[in-house]
Amino acid sequence: MAATYATAGTGRPTHVARGGGMSDRAFAWALIAPAMAIILVFALVPLGYAVMVSFRMADLTRGGLREFVGLDNYRTVLFDQSFWESIAVTLKFTVAAVGLEMILGIAIAFLLHGATHGKTIVRSILILPLATAPAVTGLFWRNLYDPQFGVINWLLGSLGLPEPNWLGDIDIALWSVVLFDVWQWTPFVALIALAGLSSLPREPFEAAELDGASTWRVLRVLTFPMLAPVLFLVLILRTIDSLRLYDAVAVLTRGGPGTVTETMTFYLFRTGLKLFRMDYASTMAIFFLYALLVASVFALRPLLRQFTERAQAQN
Amino acid sequence: MLQRPVHPAFSTLRYALILLVVLFAAFPIFWMILTSFKPPGDIMVSPPRLFFTPTLDNYVHAIVDKDFLRYVTNTLIVSVISTLFVVVLGSLAAYSFARYNTGDGHILFFILSTKMFPAIAVVLPYFLIFRDIGRTGIGQFLQIGLDKPGALIISYTMFNLPFAIWLLVSFFQDIPRELEDSARLDGLSRLKVLRKVVLPLAAPGIAVTAIFTLIFCWNEFLFAYILTRKTWSTVTVGVESFFTLQGILWGPVAAAATLAVLPMLLFVLAMQRWMVRGLTFGAVRG
Amino acid sequence: MIELKNVTRRFGLTTLAIKGLDLTVQDREFLVLYGPAGAGKSTTLKMIAGIVRPTSGDILRDGVSLLGVPPERRDMAMCFENYALYSHLSVFENLAFPLRARGVADREIQAKVTKIAETLGIPHLLERRPGFLSGGQRQRVALGRAIIRPASTYLLDEPIGHLDAKLRHRMRAELKGMARDLASTIVLTTTSSREALALGDRIAVLDQGVLQQLGTPEEIYHRPVNEFVASFVGEPPMSFLDATAEREGGQTALRLRSGHRLPVGPGWAAPLRDPTCRLGVRAAELSIADTADDRHAVPVTVDQVELLGHVRVVRLSLGQELVAVVVPPERQLAPGQPLWLAIDPARLHVFQDGRAVSHPAMPTVH
Amino acid sequence: MASIQAERLVKRYNPGAPPAVTGIDFEIADGEFVAILGPSGCGKSSTMRMIAGLETITEGTIRFDGKLVNEVRARERKVAMSFESYALYPTISVYENIAFPLRCRGESSVEIDRQVRQIAETMELAPLLGRRTKELSSGQAQRVGLARALIRRPTVFLLDEPISHLDTRQRYRMRQFIKSIHRDFRTTMIYVTHDQEEAMALADRIIVMSHGDIQQIGTPEEIYERPVNAFVAGFVGEPPINFIDGEVLVQDGEFHFATAGQSFLLPHKVQATPGRMRLAVRPAWLSLGSEADHHLRATHFVTERLQDHNILVVDVGRTRVTLLTDPTVVPQDGQNLYLRLDPDRILLYPPDRSQVAADDDDS
Amino acid sequence: MIRSALLGGVAAACLATPALACEDADRVPLTWSTIAGFYTDAMADLVAGFEATHCAKVNIVNIDNSQLYNKQVIEMVGATGAYDIVTLETSEKADFAENGFILPMTDYLADKQELVDDVAPVLATMTTRYNGDIWGLPYYTYTAGIIYRADLFEDAGEKEAFKAKYGYDLAVPTDWKQHRDIAEFFTRKAGETLKGETLTKDFYGVGLMAGPFPEIQDELSGPIWGAGADWLDDEGNVQTEAVEKALTDYIELLKFAPPAALTVTYDGVMNQMKDGQIAMTHGFFLDQWPNAVTTEESVPGAKMGVAEAPGKKAYIGGFLLAVAESSAHPEEAMDFVAYIGGPEAQKKFAAAGGTTTLTSVLNDPELTKPENRAKTGHFGTLLQIFQSMDGFQSNLFNTPYGAKIYNTMQIPLQAAAAGQITPAEAATRLTDEVAKICGGPCPIAKDGD
């Protein structure tokens, strides 16, 4: 049943101070104050710094912050081929990795959901890749991928299959990074999708069974639409993380061979922490943030709407 | 979801596929642990060797020569304290968003958006901020500064808060409002209601959030790498000290990596009951 | 004495849960808020409790506004419709919670919890968590938690609606006994007509956020102010027939939609502003017979028969309209069977434009 | 249309645990309206789900028109079901919900539209067709669920607690509605409920279940008037039947019932054996008597005034007893009253408490 | 806080030796950031020696080779004073000197001329001199040569076959053409024979460091310098044609290298060598000799040889020890540099398997005795290289942008090696990148001496 808290006229809470201490509103703000303080200081200060730097000449090994250059850096970055190439790599990676993770994760979830035995142990094992640092396990994937010393090629070789040069072939290297990411994050998708599947109400599916709905129709009309919110959340989380991919690339390929695996963040790292061009790096970061923000205004809207709807339904 | 009886052939196929998935997920970690027990002569050889005389030398090297347990301890301290901060601050804020719709979603959106800023872009400003804080008396007292735990704790808290708040909001929204109302009628103040009713009820959600935060802190590399030197380096940075002029010391690296991953593995396995309960983030509802 | 003065409560921009409600709850009164789902009953309770704030209007206790008083200082206890049990605490701790919040000594808590558990028939459940209880068991815990501590006012939101018939009866009697023994005010909400009539000193009938009628059970039942109250109070619900008053040769008669005429006494139609009206008849006040005599003037056919144990409810078709009649269970009737229905003009409720214009005389109580 | 026969029907969920249904037999005639009544956990839902094919049958058989259906999939049984939780498809509109079974069957859009509109008309759902399911009130949702089930023209229609969430007036309306559906469609209907009033009001016959076993099968009149055991007696009837524990004594060749320090003569036709017994009498079968006639002495506790009648709650010794009276009878608190038992309607059961303990709870 | 104090206390208690009258509390704390590895472990012993004679306490920070530059720059830019002594690659010297990150040691070393003179002149020029100043002392050299499987080169059957195919005798290559032929000659598939024995896995003529690391340009420096060119001309522009030519040859050579060449650096090559996969290296760091020589244990019948690179031109590399400008104790830090770079420490270092920079130590007969071959077998070759290269300078190491160029140039080079772009495109791209880094032609300091 609908309940509490006033949203009169403007939709704003109308609580005023009550006799018993602070008002609900003040209380609500007091609760977010500590977190907001940290976020404001440690998100806005660096962001402000980055914006400021992006309008200046700033080479750390050439006198640090120097003269104001207006939009020069923005122009430079916009015409920087490597920047656009790195964005293309990032997008390619994200689409492939997130796509595969979602498809495989959901498939695994269905696989497990239908299983009657051993779910607990399988779930435990699936969590393992999540608990490891890409900076550490990525190293071992480099070992696994080694054309001569690696287990993968040894296995392929014993089966008489071609033995690719996983990280050295320009046509394969990016997919090898994708494979690593898929290894690490598919379980995440699978576990969440599995939890989602298990928490779906049973009755509509029984009704559909009685109605004689085909499996495909049940999936299309019921399962996926009902899972959609949680899958969407995972999709957003994975997309944001994939777009910011750094560790795996740093450990596995360092952007190589050539630049075929040089993602946006790795290029940012190279510009900022190898060439120490803080001006370019900041400019790129701002582009990146801006693009993500614009994208997320659309992407996050359903999530936020879901949130506010629930907030209003409860309050 | 409805479960129907299936043909035995399908069932066999299902378990075969599950086995495949399990192998795929577990093998790299298994291989890492295996490598950690290999003598140097058995590691970088082709074809790879499955059978060898196990040795603990790699662990001795990692622990004694490289003092790797120090990194494990550092990581533990930093991660646990950060997680604590994240959970406490995140819970308070998330509760406010969930219950009072504070800021009408705008602030929540702002908080989420901070997650999108690439860490690499802010790490240098962080370096400068912490350098300056570290030079002040407060910074020294609170151990906030370069190569000090406070700097990492603050950074990790900052970088995990958005995700944590995001998760927690949905958990708090799942708690029926009436529970709080009832407790208030029973005479508890808002703060006490939060402590005695809301937080215990959100425990599974908080646990999941804590698990994820701990994992992210534990596995973080970039900040640890830039903000620490040696005294307070974490495991991910510590592993780098095995990349030597003689090449990567695969055996000791494997031993160190195992040491670095093991606490998390054990922790996650112990907490997996909670993970499963909280994993849907309250996003599925009938 | 609690007074709600012109209280309005909005949710979001459009939903008006309560519209200009004026309501006074007397000290030590058992007031029942009765209405269908969405009538605003729970919202009213929650506003009294202080957990929902009125959008406008005032709530006073003994003449002093309660608006600035947070719920924890109102000295009220509430039982929530969805139980609001703490899933992380055992039944014992759930029941003990209000006492612990007040710092009651452990020994006393033990005693009180044991006693209330006995009353509610749940002593064997004390160690369980709410998640392992059935709906009815949870509801009893919720009720127990509300009444375990002394409070100036008890607010009970459908406290026994989910119990089975037997328990509901038992708890109804217990509540009634409790109301008599306690020196407190009780406000209870329900969607059951029987519960409202059985329990309330007074009943406030609500619909869509508007108070329809406030009165004693007798008043509500015998003098419903409008069609809504009339149809909503009493079981089976009152039947309604459209009619037109006709005057023919000094005789007044009502012409029903089925075409039948029902002669009524002179002056009967005096309060009517125009000839069309709706007649409300209670099932218990109609009688049927197999053959027509001077009383059983209207031919009907049996539509449906329901056995309710001590009575049988019969739905009769009168043209397009249906009329419910209560007969003894022994009376065997089959659908389609033709019968004659007696409608006593003296027992008719008359409505125009939804509002009551006349009622039959009240029965006298010995 | 179909008749249903169940033989030695057993449902066991876990190999070790006691079965949910313990081997029951029943027959439901074609076009009959049968209610399965019992408290939660009595096996009524399992029974219904086995009929629907949503649950595998552990042992025994179910036949539709004499044809074994144990191995027939749910979708092929032509069974429709209305769920307690409505089980509407939350992701599609009301229209699509109702159209769903037809779409599954691959009917043409034109035909679907015609049928949906037709049934929506009869069920008074026409204005709701464009709504989303979560915008419906419970009564509306229930009707949509019924419409979706009915549009398939099922041979068997199962209803699982369809009106337990409604208020008094809606309940009456819905009951009337379900009854009219049954009359119009003449489908075999099985109605599962824990609410005895619904079962009594609606069903041609009632199957009373408890602990996975059938207690009694009979018409509402049989169940009400002649419950075979204390469980059935206690579960059926509103207000609930009164149980008075006491002892049957033989005095001068006559049976007497003694309780709470008083005793009275039992009528001859009552089958009694001396010893401890439990007497059951419905509130409507009691009336106020007088001390002079040696009626049962009681103390008034409370009176519920339901206007058209009153429910008197009185104490006979430590046993709480209810009786129905005229609305004009309003005793004082604590007043002594005398209860007259209808000599034709006295039930006696063995003093077995376990049977009543079973109905401790509900939904 | 408590923990670090405790650790410090324990360390001090262990290290304090009574040789010097110095209270632990008085010891000046020095931090040395350096490359992780066995040699730094050996350095810990040397540090103890320093602490015995100086009132200081040295804390060593090990950093992964690939991260050393940025980590140090950040601390220098931040002027945090975290590192007193820094370890610089050849290419980073000018960068740090130009930016004032490190202090010149010219004055300090003025009265320690014998120390400076002992460093091989070419090494001293390349690693320590910039803008007329001396910026520290090198403590370690990774000068390049060829490490090869002598047993293969000396095998009669192989010699015969080689002669038959190429018309000249199989020997250590003296020019890049021979190097290519030999690499081609020894590249065999599994199942073919090598030294008369059937191969169970593929065998390759040469191991290359063509992975995404800076080493690819170290390998390319030899051919470029051997052709009389340099990465940068005297105007500070990339010598595009020379780069293209060298790259083309290099890519030709890649055919005879294991596929892993595209992903590895020196450690990968060493692993290939020790696993019996390759016959020789390209211009390879000779400091890896002690590592390479273990092949004689892992591969039966193997015998390792070391030689000057073809054309007698090879990468001269060394780690410079320099004192940070932000150091709180520059005097003590310079003492430390002088100590580590001095003969006493260097000899100990060499004995532990380090590759010293001092000619006196390289020539030390005690060290170069045959029984020490596993650790010092490459000393003779090093001396030869220093001699051949005497007087050589590269503009790459005399521009303050050297480090950045060094950190960038691998990308186009490797892209070409992997086949992403052509050598010509790579050379052009390198030219553009360098111009971008320098903001035009790179400034070159002329007076390296």
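In this document, chain identifiers A, B, C, D and E correspond to the written order of the chains, with residue numbering beginning at 1 in each.
Keep in mind that, in the parts below, a contact is a pair of C-beta atoms (placed from the backbone, for glycine too) under 8 Å apart; a residue touches a chain by one contact, two chains touch by 3 or more.
Owing to the predicted nature of the structure, the values given are computational and were not obtained by experimental measurement.
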Legend entry - Shortest chain-hopping distance from chain B out to chain C: 1
Inset, instruction - Consider the two chain pairs C-D and A-E; indicate the one with the greater count of contacting C-beta pairs. - result: C-D
Inset, instruction - State, to the nearest whole Å, the distance from the C-alpha centre of chain A to the C-alpha centre of chain D. - result: 54
Legend entry - Whole-Å gap between the CA centroids of chain D and chain E: 90
Inset, instruction - Please work out the Cα centroid separation of chain B and chain E, and write it as a whole number of Å. - result: 38
Inset, instruction - Take the average of all CA coordinates in chain A, do the same for chain B, and state the distance between these two points in whole angstrom. - result: 15
Inset, instruction - At least two other chains touched by the same residue of chain B: list those residues. - result: 2, 44-47, 124, 128, 178, 181, 189, 248, 286
Inset, instruction - Could you list which residues of chain C touch at least two other chains? - result: 46, 51, 70, 72-73, 82
Legend entry - Sequence positions of chain A contacting 2 or more other chains: 3-5, 11, 20-21, 60, 148-149, 201, 206, 208-209, 226, 273, 312
Inset, instruction - Write out the stretch or stretches of chain E touching chain A in their complex. - result: 66, 69-70, 73-74, 77, 95, 99, 201, 211-213, 258-263, 271-272, 275, 277, 400, 403-404, 407-408, 411-412, 414-421, 437
Legend entry - chain C to chain D touching residues, read off their complex: 36-38, 121, 134-137, 162-167, 169-170, 172-173, 176-177, 180, 191-194, 197-199, 217-218, 221-222, 231-232, 234-237, 282, 284, 304, 306-310, 313, 315, 322, 326, 329, 335, 363-366
Legend entry - Sites on chain A touched by chain B in the complex: 3-5, 11-13, 20-21, 24-25, 27-29, 31-32, 34-36, 38-39, 42-43, 45-47, 49-50, 60, 108, 111-115, 117-118, 122-137, 139-141, 143-144, 148-151, 154, 157, 183, 187, 191-192, 194-202, 205-206, 208-209, 223, 226-227, 229-230, 233, 237, 240, 243-244, 246-247, 250, 264-265, 268-269, 272-273, 278, 281-282, 284-285, 288-289, 292-293, 296, 300, 304, 306-308, 310-312, 314-315
Inset, instruction - Show which residues of chain D lie in contact with chain C when the two form their complex. - result: 39-40, 137-138, 167-170, 172, 175-176, 179-180, 183, 194-197, 200-202, 220-221, 224, 234-240, 282-284, 301-302, 304-308, 311, 313, 320, 322, 324, 327-330, 333, 359-363
Legend entry - Footprint of chain E on chain B - complex, ascending: 41, 44-47, 65, 124, 127-128, 131, 143, 146-147, 225-226, 229-231, 240-248
